[in-house]
Amino acid sequence: MLTLLLIFWPLLATLVFFAIKPHEAKKWALAASLIELAISLVLVILFDTEDSTQFVINHPWIESLGIGFYIGIDGISLLLVLLTTVLTPLIILSSFKQQYENAPSFYGLVLFMEMALLGVFCALDGFLFYIFWEMALIPIYFICLRWGGVNRGPVTLKFFIYTLAGSLVMLIGLIYLYFQTPGDHTFNIQALYAAGQNLTVYEQGIIFWALFIAFAVKMPVFPFHTWQPDTYHTAPTAGTMLLSGIMLKMGIYGVIRWLIPVVPDGVESWGTTALTLSVIGIVYASFLAIIQKDLKRLVAYSSIAHVGLIAAGIFTLNRIGLQGAMIQMVSHGIVIVGLFYIIDIIIARTATQEIANLGGIRSSAPIFNSVFIIILLGSVALPLTSGFVGEFLLINAVFQYNFVSGAFAALTMIFGAVYMLRSFQMTMLGESNAATKSFLDIDRQEKWVLYPIVIMILLIGIYPAPLLKVSEVAVDDLLSIISNYHAGIRN
Amino acid sequence: MNSVFVLSGLGIFSLLAEIFNIKRFLFPVVILGLVASAVLLVFDWNEGTAHYSNMLTFDNYAVAFSITLSLIAMLWFLMSKDYFENNTHITDHFALILFSLVGAVFMVSYSNLAMLFLGIEVLSVSLYILAGSNFKNIFSNEASFKYFLMGSFATGFLLFGIALIYGVTASFDLQVIASEIAAGTGDRTSWLYMGILMLIVGLAFKISAVPFHFWAPDVYEGSPTVVTAFMSTIVKIAAFAGFYRLFSTCFTTVYNQWVDVVQVIAILTLLVSNITAVYQHSVKRMLAYSSVAHAGYLLISLVGMNNISASAILYYVIAYAVASITAFTVLHNVESEDENAVVDSFNGLARRNPYLAFCMGISLLSLAGIPPLAGFFAKYYIFTVAFQSGFIGLVLIAVVTSLIGIYYYFRIIIAMYLKSTEKGEIIQVPLRHTIILAISVLLSVLFGVFPDLLVGLI
Amino acid sequence: MNDSVNQVVQGVPLNYYIWLSSALFVIGVLGVLYRRNAIVIFMCIELMLNAVNLLMVAFSGYHGDGAGQVFVFFIMAVAAAEVAVGLAILIIIYHNTRSTDINVLNKLKW
Amino acid sequence: MELIVSLIPLAPLSGFLLIALLNKKLRQWLVALMACSSVLFSFFLSVALFFSLGEDQQAFTFTGFDWITAGNFSVSFSLLVDPLSILMMLIITGVGFLIHVYSAGYMHGDEGYNRFFAYLNLFIFFMLILVMGSNYLLMFVGWEGVGLCSYLLIGFWFKNTEYNNAAKKAFIMNRIGDLGLILGVIMIFIHFGTLSYQEVFAKAPELMSGSETITIITILLFIGAIGKSAQIPLYTWLPDAMAGPTPVSALIHAATMVTAGIYMIARNNILYSLSPFTLDLIIVIGLATALVAATIAVAQNDIKKVLAYSTVSQLGLMFLALGLGAYTSGVFHMTTHAFFKALLFLGAGSVIHGMGGEQDIRNMGGLRKYLPITFATFLIGTLAISGIPPFAGFFSKDEILATAFAENKIVWALAFFASLLTAFYMFRLFFLTFSGTTRGKQEAGHHIHESPGTMTTPLIILAVLSAIGGFIGVPELLGGSHALNNFLAPVFEQSRALATPHLLSHTMELILIAVVVALTLVVIFLAYLLYVRSKKVPTPEGVTLNTFHRLIYNKYYVDETYEKIILKPLNFLYKALDALVERLLIDRAVNGAGKAVTWGGKTLRFVQTGNTGFYIFAMVISIIILLVVKTFV
Amino acid sequence: MTLYVFYFLSFLAVLSALMVVFSRNPIYSVLYLVITFFCVGGHYLILSAEFLFAVHVIVYAGAIMVLFLYVIMLLNLNKETEPQKKSAYKFAAIISGGLLMLVMVAALKGAETARLNFGAHEEIGLVKNLGKMLFNEFLLPFEIVSLLLLAAMVGAVMLGKTPLKETQDATRTNSKSAEQNALNIKNVKQFTNE
């Protein structure tokens, strides 16, 4: 029941927006998202870290087609649910400065998005998963289309069609699996696992790609990323945060929950390829990030690099790698939201996002500077920040998987430092210029966004054990599924 | 069955209304009558009785589609009332619409080729005139002329096909034909195949499938918007339901003979219509291509004919019709400002009238097949049908084309939500339309979220 | 068919009728393609319908079943109705365009 | 006990947190007080720890909490107390405290005063974590942390782009090293299944000596050391790092951080003893660095740059020692070096302070009468570094040379040459600075003044230490009982068991000492002749120099070379990727699809000609095709 | 003997059908079409569908053709006003027509032995039998036809009585009355059937 409330509370909350005055919308949205956060915290309290899937609801939905409303939460889901519910209030709060025209629909869309994302993370029925997956796309599309920046029409359309193309391929894959299920077919996740594992290696390879492309586009992994920098660039900051902070986790989550257990042999035969792509993406994206002239684009590419590392870590199918991926997902979400908010503040204050036109902000905004540094350190994975824990585990796993890939993946340490420090120096340090001379330090409302982020970054960096504990059982289950499968094959 | 009498009666009544000069009661009576016919149909549920020496059979298939037709027609009337009000021929129009509706009901419930033929003709003859009902407008004339000319040409093929089938089986009764064919047709087999091909041609024309679709874009564009709406909903449903009814009843035993032909037609329809629609300026024309495209999706379910395809078709046509009604209602309102609306006429609609824009957005999303709207599940259902029968390649093509579809549907969304316009004033929407839009949008969402309401009915 | 066997000599092969009506049908189609005058095209469509009628009657004779001939009634009625409507439309168009040339009616395109 | 151990790093941390959080509200003197006292506090604790360690010198671990646990990977936040770490703690906190005190005066009136002390405390904290951590990952934490602090402090005056670039360079070059280190750590985990020192060292001997694994591991770790301790090829950041305030140079870039590499290798002595190849590599690199840096130092005119290069060169010597397997000597030299190099830097700082920011020795001279205390202390430091008995540097350096001689004569010769160069450029520096008459602008002469007490006291204390500091390691030969050696014995016993050091006869050692000292004195005299007698002054900018001189004056053009062979190609690569792959390949492919569809739409719509005749024609044709296909195919 | 009749009628029908297509003057086309219809009617006779023959002649030759003639004369179309397609089109039309013919004949092969034995089923063509069938089995379609005709009439009337722009009244009334007549005739026919 609680899961149901968790998923659909934001939707209920959106009803409020038909009633209220536009200028009150933001407060209501914030309140709603905080309540959501409270709900998720209740979940966390009730969650039993020793048990696998909990808070299960399995109710027939489209019986004649074997589609059920089947949701539940295990450690992996819980972490992402928590990430979503924590970040959404921050994102909403971060948009308080913006005077969006037609604010109610804006915040309504944000909450709708939250609903869809939570649904994705909780769904245990293939069809349901797909529905939520697509539903997440609509609000973000409209957010970008309606409140985005220059040239948003074509950019957002490209984003929409491109991602949808990926997910339609996934849909075909799912339907294929659906028809492999015995008896009158069903989309139940366990049934799909069984169906996928019964396929021949060749079929599994095909299914692997059908599903993987959808996730790869969403993340995005190296050759599928072309939509992302433009979209991040044109989207309004709140939209960018939603996209980068939470939405791309959908892709990673998909790989963990809907790809690896479904086609173990597919992963066996193609995982290395995917891993290589991800590693290439790390280096490639870092390189491109170094020469970006625009702050948002720079962060966009950096995000590709980080996500590449996460993906690579997952495909090692190594307990360390998966745990690292989980913690890194959380960390990446927090850090990148922080970075984008920093950028948003800079843009709002100086009306420019060209790195070249900035500089010398530090001298007039010390607190802002310190916050920026900490978030930046989180991004370059300095020890005792959240970034380090995940990145170390991931590099460790990839290194175990393959020496060379590991070495290349680890390059992110260096290049990450290069582009991050470069951007930091060019924006914050040096003599202040016309644009940045009268740069006000952050005010209370901005502190309310940034301080929690900073605290979370440090906290997770210093004491990540609880988070790791949460996802432990789920990860073990996942790996045991695979090992059982291979054991079964051998016998 | 009784609903047929009700509908015909309504037609006659509207003619008499002219004479006895009770026009003002006409509209409410018609609405009530349509509701009544829907209700009466409900009583036929699970009866499956054959009427008039097995001319009509109101099995569940027929009932479901007839109810759909009646209700859609009701929405249509609500939508297009104002168009007829400023028109001297209101009664005639009503009569023709109702007659064609009767024809449509026959097309979904016939169990004898004669009834199919007459149903088509009743439907068409009325529509030839309605298409041209805007006499002054040369485009309207042209539309009706093209429709008539090509329509009767296609009828020729249809009849030739019927004749050949008759020659093979010595009967027009579907059951007899089916059993005859099942029993084997000996040395007359070549006639049978020829006849099936001719029937495919004639019916493909009616559902405007490529390469027999040429009339559709021109006629849709030229006809008055409300008539276009009627064509793209009622006619489409009836024609396809008839098509499917014929082939699923009679020609299942020779499935392999015609399936590849239909498959080719389906593929052509999907590709050509979707791609051509991308670069249309006139919204009506674009919707015309989109309706052609939807015919293509429906054909997929005909190709992969199996136990669930009927209900897939039912679901699809309902989802499609509801969305189309929404779209045409909005279009109708937009046109009240500038005739022959192009995509740019929608610029800034989100600011000028958010409600219209919202409804249009929903309907377009539904047409494009985005979850959780009905359009998505309809497509999904069709895909499953094809999958079950193993037409995966066809599904892939359909997926690609539906992506292309998004491209042109979203042109309007972008226009509404992104483009700015100098026209500041809010469009006035009559209450009737507000209600229709509300209903149809709700239906789109409802059926999308709870497909079980329709799935597995038949 | 027994009695048909002993009367074989004086019967006409059914194929002849099929060919004949096909011929007429095709000629109708040909006319539709060949001419530009709308009225003549209507006539050619009537020709096509007649071909169908002939085929129907032939078959009904062959099967010794009246349904075919009944069907022909319907076809005739429909043909008449169509012609009436069609010509009415044509006249409207003639009044608007002063022509019955189908090539004049190409405003709706692309 | 736990309390003490945990408090040692926590004290500076709390200092940092207090200063950082209350930044605005605190007065400068209060900040200075808090910072210094926190470090002093942990110094006392370290001393206490030193004595409490007792005779048996049992290593002792304090386990905090589990830090990262994932699958079979588990690292806890635990601190290790053994002689080596205690020694390091003492150095860090002790020297660190003195430099804190010094900074209180030096940084006086700087707008970033509070910030400065916050960073210093943070640095002390990370440095302590580095040396106290009981596992590799914790060491890595400190390792990166000090890197961060050095970044922050080098770029302390953030308005100056030069400094910022220097800071960035330092951080990134360190990161390159860190990459090696972390990979090494991961390999250790892969092969030992744990990251805690004791367990690794316990398992280490199982590995065959010189096996591939151990070699790779040690090399990777050594790469980390190269980065952090500024060895060839990653040393160029250290001279640039002089951009930071002088106390920073003294603390981070002379006394403590740069010696982290030494500590790390000493800590892993067992692993290194197991891989001879790596040891040879260390010897080569150490020696090369020592020579190169020394030669460069000879021709530098910036007082701090000279000291920087000398630091690099000294570090080279230490690595040489480690490479020779004489871990104690390396650590010993590190200790003494910490004293006298800190002293020298602080002296330089006081000079700069007195000269009002002037750093070019060509504009100095004759400062002894203005800055007597600085003069005296600086002299001691110079003697110490040149290895004149009985000053600290003598003992440590001699030990290294002796070992080198025992191992390999050529190595010894080169190392000896390097130390001679050291003596030469140090005294060059000394004479140019203090003797003779004041060069440079006249009005500069008036307000040259001795530094305040806060700065001179640390100088004096350090001078004393550099004078007597060597006595912790007096070899038996000179009637001492190498205290340090015994003290550190437990740490190195494993490796000592492996490597049997060649021992020299006492006479041989004595001869060596004599030769070394004598030649050193000669070199000093040479410097005297050059720069005091015939008041030679380095040529000012712009004057063409002879080839070799130009070469060393321009530091062998190393930076320029890096620029050419690494940075330029990389930049080209970025641009190429952006232009070719991103724009041309990927974007083009995706947008191309869309364009194709649009084109199709544009074209196909012309099929709809609007001509009924054509439509019917098309229908008939397609019917014909249908029939043909159905009937004949 | 009937075979020769068949040949004769078929030849004439095809010939006149072709003339319908190829004769330039619409009037001629109509007249040739009438001939064709009569030939078809002749076929009805030899197929012993006498009643159908009668209806055929009356409806087609009587009503529809008259209607055509009315319209043609009303719009006074003739050879001069007759639009001609480009010869290329014509050629293509002939080619495709020929192709269609070929394909259909080829596709409709089979049942060579099947022969129409005249006189076997004379009785089914009689009014009595057809009437029975029409009012028992095909009652509903029959009624629907009336609905159809009603729709057509309404439509035609609606189109006819629309106020037109610059045309002279005479033509309009004429055309209208023409349609009226046509419709009346057909209605009469249908009622006579009952």
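To keep things simple, chains are lettered A, B, C, D and E as they appear, and every chain counts its residues starting from 1.
What we mean here is this: a contact is a pair of C-beta atoms (placed from the backbone, for glycine too) under 8 Å apart; a residue touches a chain by one contact, two chains touch by 3 or more.
These numbers were taken from a predicted model, which means no experiment stands behind them.
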- Query: Common contacts of chain A and chain D?
  - Reply: B
- Provide the labels of all chains in contact with chain C and in contact with chain E. B, D
- Item | Contact-richer chain pair (by C-beta pairs counted) among B-C and A-B | B-C
- Farthest from chain A in C-alpha centre terms, which chain would that be? E
- Task: State the chain with the largest centre-to-centre distance from chain D, centres being mean CA positions.
- Result: E
- When the centre of a chain is set as the mean of its C-alpha atoms, what distance in Å lies between chain B and chain D? 79
- Using mean CA coordinates as chain centres, what's the chain A-chain E distance in Å? 72
- Note on the structure: Cα centre of chain B to Cα centre of chain E, whole Å, reads 31
- Give, as an integer number of Å, the spacing between the C-alpha centres of chain E and chain D. 105
- Task: At least two other chains touched by the same residue of chain B: list those residues.
- Result: 114, 118, 121, 125, 128-129, 132, 135, 145-146, 149, 153, 164, 190-191, 193-194, 217-218, 407
- Which residue numbers or ranges of chain E touch two or more of the other chains? 85, 89, 92-93, 96, 100, 104, 107-109, 111-112, 114, 137-138, 141, 145, 148, 151-152, 155-156, 159, 162, 164-165
- Query: Out of chain A, which residues touch more than one other chain, so two or more?
  - Reply: 161
- Would you mind giving me the full set of chain pairs in touch? A-B, A-D, B-C, B-D, B-E, C-D, C-E, D-E
- Query: Which of the residues in chain A end up touching chain D in this complex?
  - Reply: 158, 161-162, 223, 225-227, 284, 287-288, 290-291, 318-320, 323-324, 360, 362-363, 366, 370, 377, 382-384, 388-389, 392-393, 395-396, 399-400, 406-407, 410-411, 413-414, 417-418, 421-422, 425, 428-431, 462-465, 468-469, 475
- Item | Residues of chain B defined as touching chain E within the complex | 8, 11, 15, 51-53, 55-56, 89, 92, 95-96, 99-100, 102, 106, 112, 114-115, 118-119, 121-122, 125-126, 128-129, 132-133, 135-136, 164, 186-191, 193-194
- Write out the stretch or stretches of chain D touching chain A in their complex. 20, 23, 65-73, 137, 140-141, 144-145, 148, 151, 155, 158-161, 164-165, 168, 171-172, 175-176, 178-179, 182-183, 186-187, 189-190, 571, 573-575, 577-578, 581-582, 586-587, 590-591, 594
- For chain E, which residues are in contact with chain C within the complex? 1-3, 6, 10, 13-14, 17-18, 20-22, 26, 29-30, 33, 36-37, 40, 43-44, 47-49, 52, 55-56, 59-60, 63-64, 67-68, 71-72, 74-75, 77, 82-85, 89-90, 92-94, 96-97, 100-101, 104-105, 108-109, 111-112, 114-121, 124-125, 129-130, 133-134, 137-138, 141, 145, 148-149, 151-153, 155-156, 159-160, 162, 164-165, 167, 175, 179, 182-183, 186, 190, 193
- Task: State the interface residues of chain C toward chain B in the complex, per the touch definition above.
- Result: 18, 25, 28-29, 32, 38, 41-42, 45, 48-49, 51-52, 55-56, 58-60, 62-63, 65, 67-68, 70-71, 74-75, 78, 81-82, 85-86, 88-90, 92-93, 96-97, 102, 105, 107-109
